[in-house]
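Two complexes come next, and they have one chain in common, subunit A, joined by subunit B in the first and subunit C in the second.
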Partner chain A sequence: MQAFKTRNILILAAILAILVILPFGAGSYVLGVLTTAFYFAVFAMSWDLLFGYAGEVNFGPTFLIGLGAYGAGIGNALLGMPLPIAVLFGTAAAVIGGVALAIPALKLSGPYLGLITLVAVLLLQQAIVIFAGVSGGEIGLSVPSVLSISSKINYAYALIFMIISGAILLTIARSSLGMILQAAGQDRVAAAALGFDVTRHKILAFAVSAFFSGLAGALLVFYLGTASVNAVVDLAIGIRVIIAAVMGGRRTIIGGAIGAIFLIVAAELLRPLGQLSSFVVALMALGVIMFFPDGLLGMIAARRRS
Partner chain B sequence: MKEATPRLVVEGLSKRFGGLVAVKSLDFSLYGGEILGLIGPNGSGKSTAMQMVMGVVKPTAGRILLDGVDQAGRPTHQIARAGVGLVFQHARPLRLQTVLQNILLGLLPDSLTRLRPPPGALDRAREIATLCGLDKVLDRTPASLPFADLRRMEMAKVMARDPRVVLVDEPFAGLARDEVEDFAALIRAFRDQGRAVMLVDHNVKSIAALADRVLALYLGEKIAEGTPDHVMRDETVRRVYIGGAIETHERPEAEINAHQVLLDVADLSVFYGKAQALDQISLKVHQGEFVSVVGLNGAGKTSLFNAMSGLVPHQGTISWDGEIRRKADPAAIARAGLVQCAETRELLGTMSVADNLDLAAQRLPVAEQKSRQDWLFGLFPILKSRRAQQARTLSGGEQQMLAIARALMMKPRLLILDEPTLGLAPVILAQLSDALRVLRETTDITLLLGEQNITFALPHADRVYLIEHGRLVWQGTPARFAEEAGKNYL
Partner chain C sequence: MLALQILIDGFAISTLYALGALGFTLIFGVSGVLNLAHGGLLVVSAMAAWYVGTALGANAWVSAGVGIGAGLAVTLVTYGAVVRPVQRSRAIPGAERELFVLTATLLWGVMLQELLDYWFSDTPVAVKPLLSGTVNFLGVRTPINEFLTAAIAWAVMGLLWLLVNRTDIGKRLRATAINPRALTLLGFDLERIYLVAWLIYGLLAGIAGVLIGSFLGSGSSYIAGLTGSAFTIVVLGGLGSVSGTLIAAYVVGYIETLTAYLISPALREVPALLLLIAVMYVRPQGLLGKR
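Our next item is the complex of A and B:
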C-alpha cells in the first residue's frame, strides 16, 4: 500500500516536472492549449470535491465559473478595478452566488439540488443576454487588463495556479473534514447520527468549490481577454467539466485535472479530423466512463492490481 | 447497575403521516445500565418511535427528555451530540477508507475548520476496534469485510461517540447463529459501561435473553411492558403475534398429493450483499393447494417470495409446472401465472380503484375484464363503492383488498399473499379471511400465504411451513402445528 502511494507520488512529480520544463521547448501554440487545460483542470477538481466527496451533483459548474468570470470582467471593464481586485471581486461573487444557491437547495433531497443547479446556469445565461449593456451580451465582454502577453508567463501562472489549487483541494479532501464530507455524501442520516451538522458541511463544500471555480473563471477571463457565454457559461462547458472529472476518476481530485487535460489535449490533437474530432473525443469519454466507472485513475489502479 | 432516575423519558410521543397515525401517545422511560427491548410487528410504529428519539423523524406531539432536557424535534446531529447514538441496521460506510478510519470518524469533532483528528484519537480508535473484535481487520476496507464485521464496525463508530443512550436497530438481523452471541456480548458491554440501551426488533424471542425489560407496540400503541417472560406470556401480545384460538380445516393429504406439484423450490438461499436472509429452503406447492408459510417478521418470508417472483437473485432451484426455471424475468414469471401480492401492496396511489384493476387486466380480452371485475367486486363489495376513489385515500384494509383484487385480476395460477394482515384491525382480518375461504372453496387458484399471525394463516391452510431466522424449522399440517411448533413460536 505504502509502496503504491510512493510510486504514485513519483509519477505525479515526473509529470509536473515535464510540465514545468515544457515552456523551454514547446511553441506558444502548445503552451496556449495547455494553459486553457490547466484552468479547466481546476474547474474539474473543484467539481469533484462537491460530487466525489460531499456527494452532491452540481449540474451547473458553469454557474460558479460564470459568476467568477463575469464578476471579474465587469469589475475590471466597468467598475475600473485593477486586475487583482477584479479577480477577488469575481471570486467573491462566485462564493456568494454558490452559497446563496446551496442554502435553499440543500434543504431539498434527491435529484432536486441537481435540477436547481441546472436551472441556475440557464438563469445566469439569460441574465447575461438580457443585461447586454453591462455584460456585453452574446458578443462577450472585453477586459482592458490581461495577465500577460507572453504565452510562457501565462502558462506559468496557470500551472502554478493549478498546482496550488490542487494541493489545497487534495489536502481538504484527505483531511478529517474531507472524511466528514464523504460520510455525509455516503449516508446523510448516519453522518448526522454521529453528531455532524451535514447541511453546514455541505454548504462549506459548496463554498470551497465555488471559490476555486470562481477564481479559475476570473483568471481565465484575464488570460483570454474576454468573458463570453460560450467560453465560461454555456451548459456544454459545464458538461465538459463533469465529463473530465468523472473520466479522470471520481473521488480523487487529481483525476479531475488528468481528465481535463486529456479532454482538451485530445480535442486539439484530433483537430485535423474537423467536425469529427469532438465526436471522437465524446466517444472516448463514453468508453472510459462505461468500462471504467472509476475513471482513468481507477483504470490504472486496476491494471496495477492484476 | 440500573440507575435510580431515568436517563431518557418519552412522554405522549405521537407521529402522524397524513391520515396515518404511526405512533400514538407513547410513554416510556429508559434507565442507565439497562437494556430495553422495543418490539412490535411490521407497521407497529417501533421504527418511527426510534427515529423520533434520534431526530430523524420529527414528532407531531410529545416530549423526549434526555437527562431532563427536551430533545423532541431538534435536528439529528444536536441530539447525537446531546448523547444519543444509533447503531444502524444498514449504514453506508466510508468505502475508500479503512476500518480504522471509519471508527476514527466517530471521534471527529463537528468542526468546519479542523483538518486533523484530535490528538490521541487514532489510539482511541484502535482501542475501540479491539473492544469490538476488529483488531485483525483494522487496515481493510469495508467492502472486503464479512457482514458481521460490518455490523461490529457500526457498533464501534457509535461506541466512539461515547453516547449515554444507545439505540440498536434490529441487532441480530442477517447474522449467523454463532455471531449472535458475540453481538449480544457487545450490547451487554454497552449496558455494563452504564449506558442506557434500547433494542428495536420485531419480536421478543430474538432479544429475550438480552433485554432486562420489553415494551411491545401494536398499531402505534403500547400493548405490554415488563420482563421478556412477562411480555411473551401477555395475552394481548400473544393475540397480536399468534392471534386467538386456532381453527383448522385442512384437506386430506392424499387428496392434495394426487395433484401435480406446481411450484417446487429446492435449497433456496438468498443473500443481500453479505447478509444471508435465507438458508437452503425447500418447499413444494401442489396444484390447488393452500400453503401457509409462517414466521415472525424478519424470518425471511418476503425474501422467499421475492426469489420465487424473480425479484431477488438466489441460489438453488425453482421449478414451475415441472420445469426448472432458467431465467429470472419477473414479468415473464407473472405472465406464467405466479403472481405476488406484495407486503408493501404497491398500489398506484394517484390512480383510482378501477384504474388499478384495469391496469392489471390489460392482457385479458375486454369481455373477460368486465366479468372478472364483477367477480372481484362480489368478493370485495367495498371496492365497488370506492371504484372512483384514488387508491391512496383508501383505508389500510381497503388498500389490502384492492392489492389482492389487482393480483387476482391477473388470473394467477399461484397467488402469493405476503403478510396481508400487516397493520390491519381485527374486523378487517375477518373479512380478508372470508375472502380467502371463498378463493379456496370456489376457485382452482393455488394459494401461498406468508403470515406472522398464526390464527389468520392456519384456518384455510392444507399445509404449513415454519421459517425462523432464514431456516425452515418445521413443516406439517395445521392441526399438528399448535402442538408441535406453537409453543416455541414467540
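Our next item is the complex of A and C:
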C-alpha cells in the first residue's frame, strides 16, 4: 500500500513537472486552452467536496461560480475596486450564496436539493438579464482590469492557483472535517448520535466549496476580460463541471482536476468534428460513468490491483 | 377581455404542462427514475413531426403520428441503453444508483440536444397545427388548434386514468409503485411491468412533445427548459402524486400566463420558481406528496 502511494505521488509530480515546463515550448493557443482548464479543475474539485464527501446533490455549481464572477466584475467595472479587492468581493458574494444554499440542504436531500440548486442557477440567470443595466445582461460585462496580457503569466497564475486550491481541498477532505462529512452523508442520524455537530459541518462544507468556486470564477473573469452568462452561469457549464468531477473519480478531489483537464483537452482535439464534438465528449463521459463508475482514477487503481 | 384571454391561454398552457409532466411523474412513481432527459424526449418527437410535416410536406395528422412514434422509440432507447444498464450495473454501489441514473440521463439529454443541433440547427421551429384557422370565442380570437390541443390532452389524461385505475395492467403498475419486492414474490415479472411503464411514458412524451411543439414551438434549445418545468411541476405537486402534478401544472401555467400578460413576458418564469422555493421550505414533500 505504501509503495502504491509513493508511486502515485511520483506520477502526480511528473505530470505537474510537465505542466510547469510546458510554457517554454508550447504556443499561446495551447496555453490558453490549459489556462481555462485549470480554472475548470478548481470548479470540479470544489464540487467534489460537496458531492463526493458530503453527499450533497448540487446541480448548480454555476450559482456559486457566477456569484464570484459577477461580484468581481461589478466590483471592478462599476464600483471602481482594484483587481485584488474585486476578487475578494466576488469571493465573499459566493460564500454568502454558499451559506444560503446550505440552509435548504439542512432540510432537503437528494433530488429535492438538486432541484433547489438548479432553480438557484435559473434565478441568478434571470436576475442578470433583468438587471441588465448593472450586469451587462446577455451581452456580458467587460472589466477594465486584466490579470496579465502575457499568456505565459496567465498560465502560471492559473496553474499555481489550481495546485494550491487542490492541496487545500485535499487536506480538508482528508481531515476530520472530510470524515465527518462522509459519515453525515451516509447516515446523518448516526453521525449526530456520535456527537458531531452535523449542521455546522455541512454549512462549513458549503462555505469552503463556495469560497473556491467563487475565487476561481472571479479570477476567470479577469483572465477572460468579461463576465457573461454563457461563460460562468449557464446550466451547460454546470453540467460540464459535474461531468468532469464524476468522470475523474468521485471522492478523490484530484479526480476533478484530471476530469476537467481531460474534458477540455478532448473537446479541443475533437474540434475538427465541428458540432459533433460535444456529442462525442458526452458519449465518452456516459461510457465512463456506465462502465467505470469510479472514474478515470478508479480505472487506473483497478488495473493496478489486477 | 384580457381576463378571458388569460383564462383561455392559461388553460391551454397548463393542460400541456400537465400532460408533459404526467409521464415524468409516472415513471418516477413506478420505477423511481428521475429522467433528466425528459425534455429531450419531448423535443425529439416535436422535431420529427416538424421534419415530416414541413420539410417532407406530409399531412398534419401523419406527421403527428410520426412524431409520437419517434418519441416512443427514443424513450425506449433511453430505458434500454441508458437507464437499465445503470440500474443493473454491479460496479455501482446500490446507495448511489439514483445519482448515477440522474447523471446518466443528464448526459443523454445533452447528447440528444447536440444531435438535434447537428441535424436541424438550434433555430426553433413550429410543428404544423392539426387544425388551422381561428374562432371567435366570447369576443376573443383564438386559434382552433388551441382548443383541439387542450381537448386531446384531456382525452389522453382520461385514458391514462382509466388504464391505471380500471385495468389489470394499472393494478400491477400501482402495486409496483408501492412494493416491487412483494410483486416479485407473487411471481410477477418486474422487468415486463417496467417495460410497460416505459411504453406508456414514451407515448405520453410523444403526444405531449408534438402538441407542445404545435402550440409553443420547439427546438434543441428548449430541452433544458422543458425538463426544468416538468421537474418543477412534479416536485411542487409532490413526487409520484398524479393529482398533485395536475394541480401544480395549473398553478404554474396560470402564474406564468398572468406574469406574461400583466407584468412582462421576460419575467414569465420567475414567480413560479420563487413559489417552488417557498413551498420547498415550508412543505418539502410538495403540495400533495406523502413521504
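As a working rule, the second predicted complex is superposed on the first by the 302 of 306 C-alpha atoms of A that agree within 3 Å, B and C clash if a C-alpha of one lies under 4 Å from a C-alpha of the other, contacts with A are read in each partner's own complex, and residues count from 1 in each chain.
The rule we apply is simple: a residue touches a chain if its C-beta (ideal position, glycine included) is under 8 Å from a C-beta of that chain, and two chains touch if they have at least 3 such contacts.
Computed from a predicted structure; not experimentally measured.
Bringing the complexes onto one copy of subunit A puts subunit B in a clash with subunit C. In the superposition on chain A, A:I149 makes contact with neither subunit B nor subunit C.
Within the superposed three-chain model, A:M290 lies in touch with subunit C and out of touch with subunit B [touch as defined at top]. For subunit A, the partner touching the most residues, choosing from subunit B and subunit C, is C. When the two complexes are overlaid on their common chain A, residue A:M179 makes contact with subunit B while staying clear of subunit C. Looking at the shared chain after the overlay, A:I18 reaches neither subunit B nor subunit C. In the superposition on chain A, A:G114 contacts subunit C only, with no contact to subunit B. Of the two partner chains, subunit B is the only one touched by A:A192; subunit C is not.
In the superposition on chain A, contact of A:V129 is made with subunit C only, not with subunit B. Across the options 23-31, 149-157 or 167-175, subunit C meets subunit B in a clash only at 167-175, per the superposition defined above.
Shared interface residues of subunit A, touching subunit B in one complex and subunit C in the other, are 186.
Here subunit A touches subunit B in the complex through residues 1, 171-172, 175-177, 179-180, 182-183, 186-187, 189-190, 192-198, 200-201, 204, 251, going by the rule given at the top.
Against subunit A, in their complex, subunit B makes its touches with residues 54-56, 75-77, 80-81, 85-86, 88, 91-97, 101, 104-106, 108, 110-117, 139, 157-158, 161. Every residue of subunit A that touches subunit C in the complex is listed here, in rising order: 57, 104, 107-108, 110-112, 114-116, 118-119, 122-123, 126, 129-130, 186, 235-236, 239, 242-243, 246, 274-276, 278-279, 282-283, 285-286, 289-294. Partner subunit A is touched in their complex by these residues of subunit C: 34, 82, 85-86, 89, 91-92, 95-96, 98-100, 102-104, 106-108, 110-111, 114-115, 117-118, 224, 228, 231-232, 235, 239, 266-267, 269-270, 273-274, 276-277, 280-281, 284.
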